[in-house]
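So that you can tell them apart, the chains are marked A, B, C, D, E and F in the order they are listed, and the count of residues begins at 1 in each.
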Amino acid sequence: MLTHKAKRVEITIEAVMEGRLTAALTKAGVTGWTVLPVLGGSGRSGAWSREGQVSRAGGMVQVVCLIRPERLDGLLTAAFAVVERHIGVVSVTDCDVLRAERF
Amino acid sequence: MLTHKAKRVEITIEAVMEGRLTAALTKAGVTGWTVLPVLGGSGRSGAWSREGQVSRAGGMVQVVCLIRPERLDGLLTAAFAVVERHIGVVSVTDCDVLRAERF
Amino acid sequence: MLTHKAKRVEITIEAVMEGRLTAALTKAGVTGWTVLPVLGGSGRSGAWSREGQVSRAGGMVQVVCLIRPERLDGLLTAAFAVVERHIGVVSVTDCDVLRAERF
Amino acid sequence: MLDLAAANLLSPIVLSFALGLIAALARSDLSVPEAVAKGLSIYLLFAIGFKGGVAVAEHGVGLSLGLAIGAGVAMSFVLPFIAFGLLRGMSRMGPLDAAAVAAHYGSISIVTFVAGTSVVEAAGFKPEGFMVAVAAAMEAPAILSALWLAARTGKAGGVEPGLWREIMLNGSIVLLIGAFAIGWITGPKGLSEVAPLLVAPFKGVLCLFLLDMGLVAGRGLRGGGKVLDRGAIVFALVMPLIGGAAGAILGAGIGLSTGGIALLAILGASGSYIAVPAAMRVAMPEANPSIYLTLSLGVTFPFNLTIGLPIYLWMAQTVSGG
Amino acid sequence: MLDLAAANLLSPIVLSFALGLIAALARSDLSVPEAVAKGLSIYLLFAIGFKGGVAVAEHGVGLSLGLAIGAGVAMSFVLPFIAFGLLRGMSRMGPLDAAAVAAHYGSISIVTFVAGTSVVEAAGFKPEGFMVAVAAAMEAPAILSALWLAARTGKAGGVEPGLWREIMLNGSIVLLIGAFAIGWITGPKGLSEVAPLLVAPFKGVLCLFLLDMGLVAGRGLRGGGKVLDRGAIVFALVMPLIGGAAGAILGAGIGLSTGGIALLAILGASGSYIAVPAAMRVAMPEANPSIYLTLSLGVTFPFNLTIGLPIYLWMAQTVSGG
Amino acid sequence: MLDLAAANLLSPIVLSFALGLIAALARSDLSVPEAVAKGLSIYLLFAIGFKGGVAVAEHGVGLSLGLAIGAGVAMSFVLPFIAFGLLRGMSRMGPLDAAAVAAHYGSISIVTFVAGTSVVEAAGFKPEGFMVAVAAAMEAPAILSALWLAARTGKAGGVEPGLWREIMLNGSIVLLIGAFAIGWITGPKGLSEVAPLLVAPFKGVLCLFLLDMGLVAGRGLRGGGKVLDRGAIVFALVMPLIGGAAGAILGAGIGLSTGGIALLAILGASGSYIAVPAAMRVAMPEANPSIYLTLSLGVTFPFNLTIGLPIYLWMAQTVSGG
């Protein structure tokens, strides 16, 4: 099948910041993403799990963006401005996508 | 550790179509996949979130398949037939897997 | 933006084994991971879905680790010792990460 | 009728819906978890089905059950054609979207039915218990009409066999009919065992459920408002009145009690937002869900809940002379 | 006994289970969200534990609590050996799978216990309140027997220390014992504060929970049916009768009331499908979960719920002469 | 007061919390699903708001509502400064963490308020219904004080406009105020429709919710205990007494009833663990959440629930001479 080169960006971030992140993405012209729930995790600030949370302050989400390679830098700059002071991680993978007209 | 080349296919699709997609995969001889819940997202048809849904019509899921490279084309053809008329995205990444006898 | 080479390891494993896996990771010096819920799947032991489970024995989770390439082997060895006798899959992808000091 | 309307507007049920609607429009982060909302709807379906079955066990059915189901199914088949015609005339909607919307208005909303039952009973009427079976029977036929309408445009795909099983066995139909059967079999004695869960707290649960409906409707309006033209919105306010009148006339024609007539009117007037949207996503993926969900859930549902219910009850009293 | 069986079969509880079972077998998409099912089970465990504790606070315990726990623990240890022997003789199951299945039949099903309590009390008996403590004590010992049986095959891994803590402190044991303690401490006064939640709506909640159990059992049967041979299915119908008889005889031997004897029989007859499967996945991952879950949840549980409960009550009446 | 304290310690509510706490500290896997816990809190907020509104509909408000809201808002503004001073003097906490902790103690915990209402009413007092509105008004002001304190350290980012809307329209405030309004509008007649859900089962639901709170607090203590020095823990026990005394004196000063004084004391004494942590994560991400959550939820909340509530009621009786 015909596929096209793209980048898959995965941003794990606090749930309270989701709205701010997607607003920043939109502002940077990124219009496609998918948000996955996160059950728990561990990092420099220790381990946590969804069950140990009373409040929406606690959880994290994972935002996955598929994007054309040439637009990656704009996305990362926008995302970085939001996650900079916050806990969380960002990874980028090469991928191929079907239906490139969608991106 | 000994690893083997494989492909990781990630299909984000409407929840109502999950059964049809996995049936098509099975028919194409793909027997392994994992389904992840999706909280929300954005694309050409606008943004949505799980909380804004009354019905099972609304949500999406993400189906992840690890597959031997030579079987990729069969998988994509089968998946494409299902997602063609529907909203959603498909991405393919190179990966290495442990325990290749499982794939 | 400045990024660094890393590996993304994705381990799909039974929920009852999550604690044992993360304990083994910690022992192997891996301190960062994210756990995603899994809705269902299919493999050599057949298909299952979260809805068909009465007990915490049934479900699976996906543990995602971003790690420096040189530490990959230690991680895989530790993970393999846990998943060896259990159902589940492990995949490794090349990726780039922001903020490498976190890994 | 004005008294009734005023009393309805200030009931905890309607106010709970309004609270949810306002919270969502104001972009509060108030939300009811998906699992809890689904749990509440399981409770409501089980309770309403069970009580309907018990009522039938107590009072019997006779011929009227068959007649009422026949009338309901006929309405569900026919209303989409009226809706389609109106939409094509009144709004700029394309034929595919119009067919999808039409399916919603032929089918029914079970929450409107539940809220309507509360209103009808509060006004002192005792509707036939079997009306829940009529509600279940009316869910699907409209989908068939819509598929036929869409097929004429050449855009709807062939309907695979799996879809029909899915529609007929969708969770809410099965639960409603199943609980109805359980209530019928166990009768008043069975009800007495479960009444402390299913009867007394029912209205309170309905309030919480409508709070969530308000939240969902409000979020839909915020996002979906812009896809609608004025004609479509007028349609969403006029169509329920047509469906309601049809139900009232048919109900009187087949000799239902005033309460039963009111419920058939309510079924005619209400628009689906669960079973039909799911079927549309599968069978007509090119139709825009924002259009049909916003109309059905964001415009018609609030209209019915607040102003519609008293109107349909008044229609029922008028045609039955009661 | 036939009257009792008929009454039981037509109770809302059993019919709700049947509804779920049929819906799943017909492949309806009806489902209870995981979180809601877990919430219902927390309610049931808390309520049954609390009420048991209050009963003890009212009537005291004496020697019999110790005796009953001893009898229950002994049964939980011994029944797996009987089960293992039967399975190896009757079916083609391998030793590892047979050991895993055996663990389930030595342990208990708390929902069967809860449903049984309803039946026993509806028949006019007042079982000892401390039977919930016996239920909790019987969950784990069978696992030990199964591990010993599996070790002989050389296939079970060493049992790590973490597993024991996990089994003994599993959520349902802790909640049951904890609520029992709270009920014991606060007594009838405490109960009066929480009774509107824990007592009156109990049966209704049990119906909804059994609806979900039926759905889960039905889905399991659809998928797991093919891994079972005829011998295994016969085992799953005979073994509960053996466990039930053992419980009835032991219960009479230690001088329990008729209601208490019935409950001990029910505990003996029931098979675990929560605590034991989780332990098996960790300790014997090579054993096939489809086998033990389908037998325990898909065959034995429905059997016990429908036909078994009246039989065990009849056994209890027979041995106690009451 | 000792009687009251003993009765409180042995109430089902406190024992349920203790059960959760112990289970979590013993590392049991007992857990309440996130969705269920959120569902329970929606129930509690809706019920307490609704009943408050009905009380106002019955007894009117007069000047005292305005006075009480003014007093509450003033406390919420001022307490953070006292808390910040104490923390900087008593513990080794940095200024940013101290500011974040201070915000929690100026704001309020709605569950403490709910449990306190139970205790106050059980002791025979009838607090003013509008106290729930005071509770809602006290959630946010403390955040402003904390941001001001943090800004002096030069470390807090600028506060974006979006944050304020988020805080003022956070789900629990909107639900509480909305339900209060519904109760006020529909009055005793509205309450009678929903009472079987909102009134009778309330205490039982509170028990289940506190079971979960105990689990969460216990898990927090297990992980977060090590980040606290002795001074911080002493602070978390002394600060509520200061806040409680402030509330009692203010309450008496503005002429509230004994029950109302007790509730204002409880609001002053309680520390937020929902609204404020969320705001802190956005506005002061560098402050360590383990510190403020462990203090507020792991130390102060259990203290208030067990020993604090009787003390605040006693304070109220003392200052009101009743």
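Heads up, the rule we're going with is that contacts are C-beta pairs under 8 Å (C-beta built on N, C-alpha and C of every residue); 3 or more make two chains touch, one makes a residue touch a chain.
Keep in mind it's a predicted model, so treat the numbers as computed, not measured.
S.K.: If every step must land on a chain the current one touches, say how few steps get you from chain A to chain D.
M.R.: Between chain A and chain D, the shortest chain-hopping route counts 2.
S.K.: Report same or different for the chain A and chain B interface, where same means the shared residue numbers exceed half of all residue numbers found there.
M.R.: Looking at both copies, the contact residues mostly diverge.
S.K.: Name the chain pair with more contacting C-beta pairs, choosing from B-D and D-E.
M.R.: D-E
S.K.: What is the chain whose Cα centroid lies farthest from the Cα centroid of chain E?
M.R.: A
S.K.: In whole angstrom, how far does the Cα centroid of chain E sit from the Cα centroid of chain F?
M.R.: From the centre of chain E to the centre of chain F is 41 Å.
S.K.: Suppose each chain is reduced to the average of its Cα coordinates; what separation in Å results between chain C and chain E?
M.R.: 34
S.K.: Averaging over Cα atoms per chain, report the distance between chain B and chain F in Å.
M.R.: 45
S.K.: Could you tell me which residues belong to chain E and also touch two or more other chains?
M.R.: 29, 31, 33-36, 39, 201 - these are the residues of chain E that touch more than one other chain.
S.K.: What positions in chain C touch 2 or more of the other chains?
M.R.: 36-37, 47, 49, 56, 93-94
S.K.: Determine which chains touch and list them pairwise.
M.R.: Taking the chains two at a time, the touching pairs are A-B, A-C, A-F, B-C, B-D, C-E, D-E, D-F, E-F.
S.K.: Quick one: which bits of chain A touch chain F in the complex? Just the residue numbers, please.
M.R.: That would be residues 14, 16-17, 19-20, 45-48, 50-58, 85-87 of chain A.
S.K.: Show which residues of chain D lie in contact with chain E when the two form their complex.
M.R.: Those residues of chain D that touch chain E are 33-36, 38-39, 42-43, 46, 50, 165-166, 169-172, 174-175, 178-179, 181-182, 185-186, 190, 193-198, 201.
S.K.: Touching chain E in the complex: which residues of chain F?
M.R.: Touch list, chain F to chain E: 10-12, 15-16, 19, 22-23, 26-36, 39, 200-201, 203-205, 207-208, 211.
S.K.: Give every residue of chain A touching chain C within the complex, in rising order.
M.R.: Listed in rising order, the residues are 10, 12, 36-44, 47, 49, 60, 62, 73, 76-77, 80, 89-94.
S.K.: Okay, in this complex, where on chain C does chain A touch?
M.R.: Spelled out, the residues of chain C in touch with chain A are 1, 3, 6, 8, 22, 26, 31-37, 61, 66, 93-99, 102.
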